[in-house]
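Going by the order they are written in, the chains are A, B, C and D; count residues from 1 in each one.
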Amino acid sequence: MIHEPNNWGRFGPDDQRGTLNLLTPSVVLDALRSATTGEVLNLALPIRGATSSPAPGTVPHLPGRPLPQHFMSVDGGDYAAGARPIGPGLRVADDALLVSHHGTTTHMDALCHMWSGDELYNGHPAARVRSYGATRCGIEHAGGVVARGVLFDVPRHLGLGHLPAEHRVSAGELAAIATPRPGDVAVVRTGWPLVWERSREEYWSGQPGLSAEAGRWLAGHDVAAVACDNAAVGGLDGRGMSQEPVEDDLHLLLLHRHGIHLIEMVWLEELAARGRTDFVFVAAPLRIEGGTGSPLSPLAIL
Amino acid sequence: MIHEPNNWGRFGPDDQRGTLNLLTPSVVLDALRSATTGEVLNLALPIRGATSSPAPGTVPHLPGRPLPQHFMSVDGGDYAAGARPIGPGLRVADDALLVSHHGTTTHMDALCHMWSGDELYNGHPAARVRSYGATRCGIEHAGGVVARGVLFDVPRHLGLGHLPAEHRVSAGELAAIATPRPGDVAVVRTGWPLVWERSREEYWSGQPGLSAEAGRWLAGHDVAAVACDNAAVGGLDGRGMSQEPVEDDLHLLLLHRHGIHLIEMVWLEELAARGRTDFVFVAAPLRIEGGTGSPLSPLAIL
Amino acid sequence: MIHEPNNWGRFGPDDQRGTLNLLTPSVVLDALRSATTGEVLNLALPIRGATSSPAPGTVPHLPGRPLPQHFMSVDGGDYAAGARPIGPGLRVADDALLVSHHGTTTHMDALCHMWSGDELYNGHPAARVRSYGATRCGIEHAGGVVARGVLFDVPRHLGLGHLPAEHRVSAGELAAIATPRPGDVAVVRTGWPLVWERSREEYWSGQPGLSAEAGRWLAGHDVAAVACDNAAVGGLDGRGMSQEPVEDDLHLLLLHRHGIHLIEMVWLEELAARGRTDFVFVAAPLRIEGGTGSPLSPLAIL
Amino acid sequence: MIHEPNNWGRFGPDDQRGTLNLLTPSVVLDALRSATTGEVLNLALPIRGATSSPAPGTVPHLPGRPLPQHFMSVDGGDYAAGARPIGPGLRVADDALLVSHHGTTTHMDALCHMWSGDELYNGHPAARVRSYGATRCGIEHAGGVVARGVLFDVPRHLGLGHLPAEHRVSAGELAAIATPRPGDVAVVRTGWPLVWERSREEYWSGQPGLSAEAGRWLAGHDVAAVACDNAAVGGLDGRGMSQEPVEDDLHLLLLHRHGIHLIEMVWLEELAARGRTDFVFVAAPLRIEGGTGSPLSPLAIL
């Protein structure tokens, strides 16, 4: 993660304690060496406007969440209908996107997204997370990730197409696949998004995810971030809730206590098909001031 | 740019002619060699919700555009007021972002953003750009950029703090600074965002930008994208319009005729202060299906 | 309906052909005489923000529609968390509402909402209904309704709690209950919203509604508007579609060919319990320029 | 105001203490007798989408507020461009509206909109006004207004086209025009919206409004609501703030302490031109659960 890269902070919150800067330059340079073929994959699900398609909602998401809405404010249809060009021969399309990213699309959680008691990560007061934005631990402080990505393809390791809903990945399963170095991004594949195409009811019946033990193992290896193709890094039950006791909740464990950013709902199928364990992982959240996270297009450079 | 990286296309438009794939693997690997120190800078302006701040609108933008709106749907204030945790000891903040990125924040234009006559880039019918999204040349096809970035710091070259509003950068001015290679991203600094802090009226009085000649020079060098810290790559007059004849309009020239993606309203001041001409430029737009562009957090890896 | 009541039209579309003015003063005065007890009922469903409640979606709506979203931009929680008052002792709550009213809440259709071929009601070109709003037949021209309301409580007439999904109300069933006068609002009760509380799946399995014959009967009696507690005035099948041939479609018949405004998803249970057939019906859509309709709070003055 | 008119409350907040029911039936019947000619006027400003017009923002509003945004999700342009009908011969236009009504359009304030200390009107805890809506004193409880309207045309009384920005209407000025009865709606004209057409800068330089003395006089006459054509019932200075001490603030005085709903930014020019002092005033806010107010189309029946 990189610290505030420009001076707009002077207009914003003046106290940036607790922001991260995991992007040690030598680690970045080292990470770039993981690229060997130069192929680049985008690990994001598409963002499909619930208002912009004859088939809304066919992209994996959690039930009950407000889906993205995408609106054109001017488009080719208007010109077909006789709208005047904006200049001689000049036509334009413009649009707007409304997105509540948690549970609806590929995204990165800010450190203010979850907490326990009255304190955010690193002791920041949770009372600073208000209706007009978080003045502590907002996503604008995350900056970006340039790191070695390490793919933990758990179903492949277990000889499965995807993990079953009730599977909780153990530390041993991760350790049998690879050992991350400090500053790496652990990319964990469950294969669960494949279930969506078969049945959204099955997709919503629960989700496989990391066990608390696996979360502790990753934190112990000092990873910079954890990216997963499920909705919550940890597993979910049929009501969309985690069932761990509070000390084992994956969000509290990784995000709240260790300040490890979480990247959720990534799409890993092409990456998994390549059979590569390490690669360059790059992701840069939108600099939404006070945001609880950001929709994201992570890239894997192979 | 990378072509559709995953198989969600099967749910979407089935005809992807005209998408780009400039990410030749060997060029990507070559670009990564431009990193020497490992420092990473985020080149995005902050996204400041017009509803979420006591000082809305203090970020550079074009007048009359709908500013981003950022809403919390649950936050720390609710818990301070007595809201129940969502689980034992578990508290959460969630939010929504509404953004019309053109003219309001750092963004990348899709190939469907501007055109002349009835055809988009590469002959796609403009009539396919409709209220429910563009089924041709939407931003979801852009995929991402991993390229060598070349900084053209024009005001520094001319010994100025920023270019004056009426300045149109010539091909000669660019050529005197650097020569891009095919597949590079040309990053052009005008310094105009510095004017915002002095006076938004002056910022709105016009904008410096590329001349058509400079645009042709960049296209002739086969750049993959052009990123600029002004609002429209080309210059603007006091009414926020370009004044070139249609054959010289920078959007039509670069985006429409050459399929060169444009990245606008980047923040280049820290990058300029480093004095580096080349670096790794990475940017990945949100995969908004049918979108005319995407808000963006470009990274420079030095 | 009342014609443009103020002079803002000078800033807007200059051609208002086709707007209605059914509010003949003598008819209005006559309608007011229908009030006998002075009790007032609000016939609107509540608007429940999908983001603002622990139980989103428990209000009747059609599946797949984007539900209303309600956001607070400042609220009591912020003050509980320590936000400063906006003035000495002065605290404020502010909010935003996003609503796509068709199929999600009580609303009135504009004359531009549905049509056949290339012409709206009264021959206006459908090509004037564009991404930036309808410059013909938008809801801002509807103005308001002050009329005698006539309740057709069809299930009560048939001795049922509510009509079954496949029931199509005949002209004879309406005629057996009451005969509307020119300028009246026909308020048709099916009782279908009661099904929602039992099962949303049953609610979505189809909907009872008017037959084309009944629609023609109402049009023949020159009613000013038709209000119904179902989603589409006409009936729906299990896919949420009407099944009539185009000449019998209720929207085309009433809205498109006769210019009779439709008011949908009204809540009639308290009104039905009063046992009154006629009353004063008042409704005023928001003056959304170029809107395809408006969310609405109709009042019945008994 | 009418109390919860239907049974949806069973899904919502169970404690509705403090809702109003000023709609005494006999008062309603009496109010209806004020109609003499049957002419109906809509007292709302148009809602003009900032994204939907070549001339956004030409409707009176306060500076810095997020303007309404209006989006079409399908429209006539799409069909002109070749979109398929939704059924044989059946075409449709659909849209969405985003509105933050305070300061941007004609609206009614809920009792939770402003307060002092930790209590809303009638002692309800302000901590119940949260990000997911107000569970006390939300606009869904207001129900609707059917009352005698009394027009206080202050500039006409003073022989002026409009009041000057610094004018604060005295109780004596009101008393010289008319004396409201209990349950009436006091409709106060300042004429200030006329200034908008001359100069938005002048409109924003301040606003005339009621003095605290006049507010007390109205409260003493037990009016049901106060409607005004300015933005805040009270006056505003050049920064858009009221300058009264907290005990004289018009919102606290009328809304917070007396539970008198405020209706702001009404358009009164046609009404004033009729020269009628009393008429029927009808207004029904959208039933937005937990809302701080609602956009509104008030009707005057003359």
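In the analysis below, a contact is a pair of C-beta atoms (placed from the backbone, for glycine too) under 8 Å apart; a residue touches a chain by one contact, two chains touch by 3 or more.
Which protein is which chain? UniProt says A, B, C, D = Cyclase family protein.
Keep in mind that what you see is a predicted model, and the values were worked out from it rather than measured.
Shared contact partners of chain C (Cyclase family protein) and chain D (Cyclase family protein), listed by label, are A, B.
Here chain A (Cyclase family protein) and chain B (Cyclase family protein) face each other with the same set of residues for the most part; over half of the interface numbers are shared between them. Contact count check for B-C and A-C (C-beta pairs in contact): higher for A-C. The rotation relating chain B (Cyclase family protein) to chain D (Cyclase family protein), fitted on Cα atoms, amounts to 180°, rounded to the nearest 5. With centres defined as mean CA coordinates, chain C (Cyclase family protein) is found 41 Å away from chain A (Cyclase family protein). In whole angstrom, the spacing between the mean C-alpha positions of chain A (Cyclase family protein) and chain B (Cyclase family protein) is 22.
For the pair chain B (Cyclase family protein) and chain C (Cyclase family protein), the distance between mean C-alpha positions equals 43 Å.
Touching two or more other chains at once are residues 51-52, 66, 69, 71-73, 75-83, 94, 96, 98, 100, 127-132 of chain A (Cyclase family protein).
Contacts from chain D (Cyclase family protein) toward chain B (Cyclase family protein) in the complex involve residues 50-51, 56-57, 64, 66-67, 69, 72-75, 77-78, 81-83, 98, 100, 127-132.
The touching residues of chain A (Cyclase family protein), counted against chain D (Cyclase family protein) in their complex, run 51-52, 69, 71-73, 75-83, 94, 96, 131. Of all residues in chain D (Cyclase family protein), only 2, 5-8, 11-12, 23-29, 32, 35-49, 51-55, 58-59, 66, 68, 70-73, 75-77, 79-80, 87-102, 106, 112-118, 125-134, 140, 143-144, 146, 241-242, 245-246, 249, 251-252, 267, 269-270, 280, 282-293, 295-299, 301 touch chain C (Cyclase family protein) in the complex they form.
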